[in-house]
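Two complexes follow with chain A in common, the first pairing it with chain B and the second with chain C.
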Partner chain A sequence: MTETAAAAELREPPRPGAATRGQAQLGRVGDFLLRSILPLLLALVTGAVILWAIDVDPIQYYKDVYSGGVEFAAWQDSLMRVAPLLLIAVGLIVAFRAGIWNLGMDGQFLLAGAVIAGVGSRMEAHLPNTLNLVLLFFVAGAVGAAWTIVPAVLKARYELNEIITTLMMTFIGINLAQILVKGPFQDPTTTTPQTRAFDFTALLPAIPGTDSISRRWPGVHVGLVVAVLAAVAVWFLLGRTSFGLRLQVLGASTRSARHMGLDVSKLIIVAFLLSGMLVGLAAATEILGVKGYQRADWNPAFGLWVVPLVFLARLHAIGVIPYVVLLALASIGGDFAAQNAGLTPRFTLLLVGLTLLFMALTEWVARRAQLGGSYLPGASYRRQRAEGAG
Partner chain B sequence: MTTVLAASDVFSEQALTALVAGAVLAGVPLMFAALGELVSQRAGVLNIGLEGMMLVGAYAGFVAAYHGGSEWLGFGAGLLAGAGVSLVMVLFCVRWGLDQIVTGIAITLTCEGATALIFDAEFAESRPTLGATDKVAIPGLSDIPVVGGEGESNGSLFTQPLVVYLGLALAVLVAWMLRRTYMGLNIRAAGDAPSALDAAGVSVFATRSWAVLFAGAMAGLGGAFLSIVAAGLFQDTVVGGRGFIAIVLAMLARGRPLWAIIGAMLFGASLSIADWAQVAQIHISTDLVFMLPFLLVLLVLVLFGRRAYLPAALALPYERGSR
Partner chain C sequence: MTTGSPLTPATGGSEQPAVELVRITKEFPGVLANDRISLELRRGEVHCLLGENGAGKSTLMNILSGMVRPDAGQVKLDGRVVEIVSPKHAIGLGIGMVYQHTSLVPQLTVLENLMLGEAEGIRLNAGRARERLRDLGGSLGLDVDPMTTTGTLALGQQQQLEIIKALWRGSKVLILDEPTSMLTPAGVAELEQIVARLKAQGLAVVFITHKLHEAISMGDRVAILSQGRLVGAIEPEELRTATHDELQERIIALMFGGQQAPAAEVVELTDEVEWHAPRRPSDAEPALELVGVTVEPGPGEIGARDVSLEVLKSEIMGIAGVDGNGQRELAEVIAGQRSPASGDIRLFGHSITRLRVAQREKLGLRYVTDDRLHEGTISSLSVAMNIVLKQIGKPPYWERGRIRYAAILAKARELIARFDIRTPGPMTRVGALSGGNIQKVVLARELSFDPKVVVYSKPTYGLDVKTTRSVRQTIREQAQAGVTSIVISTDLDELLDLCDRIAVLSRGSITGVVENGPNAQQRIGELMIGGKAA
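Our next item is the complex of A and B:
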């Protein structure tokens, strides 16, 4: 896919002069609209038709999504949902750019969450709160990273397909998290399988200024700042450093990376660890910022939600932010709207899935129309696999 | 699935029979789905949408069995519905060469949303359930204690619904087909060297399309088995990640259907042991039992690490003339 894109770019004559540059700009805007907004619109329209078919007023539904996700101070809930989603998204971007399919996000997320919920609520009495919170962020990152070591080493050493190993690690991780929550981390004061809850005041502090807006909402926690900083850092790392370039080369072609003399095994392991660490941090923002404890049956399965966005943003760590905000809004507002309309909250899943399908479809149409520039890593993955086999 | 037992007779014949019956009941849906995924993978298409196809199969199968009053209608509907969903995969990934992982995740998400929505709209109040399925006892074998299951309410290895035997026969047939027939050769070539297949004058598109349709149909059938036989009802968690487990089983089987059956049954057994241990009041965490099979596989991979066999062109769209 990228091959044809690159070829198309080469074929295009250089555009000197201001007037033609304006045209090029228009082309870029049109391209953006076609590739990003169109799939979203198509999904919303299809969703509206489905809603209409089951006797739900689609306009009222989408209005409810807006009011449940934005109005009053609900935007605070949406922004707090942004934090974990964005951290998972940038975690996936690091891996996907390096051509690594880390599909074990949910295991990494839940395990990191369980460990900090269990350990943190006990350390809370013995440590100053700020130190405790900072330490817990490190712990969460470490646990998330640790959970990728096995797939990373197996891929680096034996070229074992990471889709299998990360999926297996995710099953193990989810069950291990439940064992931890029900066993050593169980809150002794309740029969519900859950960890001890943090003292409410010991959770992540609010971003100054957001805590006094509404009495019902305590303000947006600083996890959001962590997430945005992480996105900027990943953007810088991937786009502005030699390490980022090396990762991209690896993602584009393992063979080229070897020919360049890069230490492919090391790169694979580092990319995996970084990816897992960011997913672990996502769990820290959710547990320390919103939940305050972890229940054994809690599994928000954020991972699959985020994958489409990462591709919509063409694996761009800052470009993904608007999509994440939109998804956070849709998931918070969607719960409210679904409740109002008497529907299952899983309707939002349908919208996300449809967006992804339409996105793939637009990709195909755009490719036929020779627009160039693909956001799907198919080409690089394909080349890499073909070389690995050859 | 669960039989009420006193703690003292956990090793009784009845309890062990329940254990075997549970293993088969949990293993069969995995077997169907893994078998389909395996054929699709050998043809070079990584079907990550298996979970969604199982869900749609489970829903369609349940509705057809509920309204039609026959489990065969349900199995048929599940099969068709799964194949129907996989048409999207055929179109997107085989015809148009779009990314298989992205499309697969899209299919899973859409199906999860859609089945939950339609089921809620249709059965939100009634939450109907289905009766028990008729079982066929194999003469002679069904008299064997523990694995026979003659007269047991949940049956055992040799007293199962007819569809289980058909499924096992199908798995053997698929194994033979992949190994010994031209069709199997074509399917393997589509995964290992699609351009060679093309050069030999066989359509890569057609071969892969049929393989993907087969995977969808099998996933749908597995889903229908889950909702009709294993659970007797539909809810949006009825599949609960089994699609992804089936994908892993198919990959671990390294392209051999009989290994996929063994893997599915072992996994079914571990699910069943969890139930059995609970009844037996053996204090072993069910979560631990669930993760044991994967833990063992990973341990084997780490200790005896070797390159896993996967078709060379897995997850790569075929474009004529491209290198």
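Our next item is the complex of A and C:
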């Protein structure tokens, strides 16, 4: 039946985009407000209602989020949290743009973290510090990338669904990281299951200027610079290079990619490796900049936090930055606010979940009203670029 | 007539109509496909819907068959207003549609295909079904072996089976969508007889066509559609009394609203088959050779078996056959999008079997895919980008991996002018263009970077008369410039119009190659039937 339906549609004057026309009516600002801002607002409002329902003052709560995330020197913590979140976000953007659902980021993240925490704390005595840190960044990237090889090859060669394989690999990765931390990388001086800690002075240096504000705060580590540079690089790669266009074509349709003569298998594998590498770098910023060691039970699940954001930003590597900053702030301040209100710190995650829910609802409503566009790889960003250049 | 047969005896034509369409309106963005069309379908009558591609015939009938919901207007069945919400609902109401493209599952037998549509019960009753098939077949004068795999049936037989399938589900109104488009003359005659029997049994038959002579010879009534509007109707009285030429003149006058019709379009409408003599130089060398190429079928495909074909330099070779007989498999194996299980493909004498798509592209091989929306273009990318999609990474459009918008835009502007692509600008998304213009974007890309051998797959499928003509003209010009062309089409007239030689593809094999000429159509028909099993 679908075959004939498609055929019938083709025969009649094709309907050039229910999408396009509605889109034109809505405009770019309206589209941005509808898809990228509205779900966030609805999530905050619903969150407030929930807080109110369980007898917590929502206004006080959100105030606490702000003061806990920004005031005093908390902004430094928030900015440092931006680094891993942003790197994971751009890692996901690379994959999602290519139409690849890399959902194995938490496994890639923890495994990379465990390896550099375990190896790095031993190497620091034998190597100059800067070289050690640079090497560890490479190692983290390599481990993150390596953990995508199995899903990448399975998808490229056998067209196996990567959602399933990356999720399976993430479970294996999380447990393997634990085994490594408790086993070969265990700090012999303690019974706590954790790696040896880096020497405090051997961690990532602060961005000049941020460390002089208060004696108590060491400043914002340079991992943030790495993350922002990575975001700019990914933006350039996706939007300005032939490789980026190839990824977009692949993301739009594998059939088209094959028709255009692209090496689909190679593209899938490269996109996967790049994505995993960026997630691995995220672990490096967190371990080398903030933690200094890895505990076996540590799993911040940053990957899941970031997924809604990359879609709110329509898979735009620079556009995602404000969202990441907001999330970092909410996650740091959210701990403080939740503590004050006697809630679990995971309440912030509830807000993230609500955002995702409202995105889905917005998408559904917009589609019904034929407003066009989508969060899914593609449409909006390319259209904006197209209009900008034309 | 057995009990349980949906066919009721003819009750005479003139009381309450079986179906009334009242001021049906349907707008697709940018196109008013149906503009307040009213139509009455009567039992025991063949109602021809005549109009060119894009006139709104299929939309109107898709509304009746539940595929499309109208924006305004009513559908009345036996005087009762009904709202048809889905194809299933339409079938339940006794409205059956036979599409140009088969909805049969090729791997299943005739009987299994028929039982697929059975609504009631979990267990299949093959015995009863077999009996019913014999009854239904008998009433139409058809003898179909219930155990034949449908994939092995010839086109005409598949179509007959589709009609039986519609009746199987109790249709009282039967819509035939361009049923003759790929039939041989003998097949058309057979169809005419079946339609006569359906009529005699009291069915209301709708016959969609864009061929004037067919409407005149088949119809008891003709409705003429143009640009979404009903522009005229010929009543039974007139059809019986007027001569063929008078009717033809009158219909053309109606179609063009009393204005002088453009001569070319009249030719397009009235000519039955226009062949032309091959203009192939006799000493030409082979440009593309297939030697014993076999392609494993994918899901729902037939594959290709031991196909050998030699296409000479600068000739236009047609490949005729019903959709789904291995056309796509063959086209993709030539383009390099899939690899053959065995056999060799040679381009100018050199084997290209092991080369990738991009490498074949570099040698001058081009493939104009029939799926221009989902394969040939990326609808979210601009016209300009789509035009250079096969040049990704190559100078002058990319320099050291970086994109050069200026060069891309300049090229796009040049090609938009040359191929007459109607677009607001080079940076407009391809998805916003009409089908004809999307096809021109595809042609612009495939034909402008020094092509040597081009495979066209259904190049004018779904296009209006004017665009069809310009696309065919482009194909001819390319051939004149020395480009070798392979035109795969399900439209015999198109092949006779364009090609020097025509190969017939049937169930994945080439059953013969015919020189274009006065007898070509008949011989192609024979080759199609000759490939019939059982």
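Assume the second predicted complex is superposed on the first by the 345 of 390 C-alpha atoms of A that agree within 3 Å, B and C clash if a C-alpha of one lies under 4 Å from a C-alpha of the other, contacts with A are read in each partner's own complex, and residues count from 1 in each chain.
Definition applied: a residue touches a chain if its C-beta (ideal position, glycine included) is under 8 Å from a C-beta of that chain, and two chains touch if they have at least 3 such contacts.
These figures come from a predicted structure and were not determined experimentally.
In the superposed pair of complexes, A:Met80 makes contact with neither chain B nor chain C. For chain A, the partner with contacts to more residues, out of chain B and chain C, is B. When the two structures are aligned on the shared chain, A:Gly261 is found in touch with chain C, with no touch to chain B. By the document's definition of touching, of the two partners only chain B reaches A:Leu349; chain C does not. Of the two partner chains, chain C is the only one that A:Arg246 touches; chain B does not reach it. Contacts of A:Val306 after superposition on the shared chain: neither chain B nor chain C is touched. By the touch criterion defined above, A:Ala328 lies against neither chain B nor chain C after alignment on the C-alpha atoms of chain A. Touching of chain A by both chain B and chain C, each in its own complex, is seen for residues 378, 382, 386, 389. Of all residues in chain C, those touching chain A in their complex are 28-31, 33, 53-54, 56, 58-59, 62, 67, 87, 99-101, 103, 177, 335-337, 356-358, 360-361, 367, 369, 371, 373-382, 385, 389-390, 392-393, 398, 401-403, 405, 409, 425-429, 431-435, 438, 461-462, 464. Listing the residues of chain A that touch chain B in their complex gives 50, 54, 101, 150, 153-154, 157-161, 163-165, 167-169, 171-172, 175-176, 178-179, 182-183, 304-305, 307-308, 311, 342-344, 346-354, 356-357, 359-361, 363-364, 376-378, 381-382, 385-386, 389. Across the complex, chain A is touched by residues 46, 88, 92, 96-99, 101-103, 105-114, 116-118, 120-121, 124, 236, 241, 244-245, 247-248, 251-252, 285, 287-288, 290-291, 294-295, 297-298, 301-302, 305-308, 310, 312-317 of chain B. By the touch rule above, chain A contacts chain C in their complex via residues 1, 3-5, 7-8, 10-21, 240-243, 245-246, 248-249, 252-253, 255-256, 258-263, 378-379, 382-383, 386-387, 389-390.
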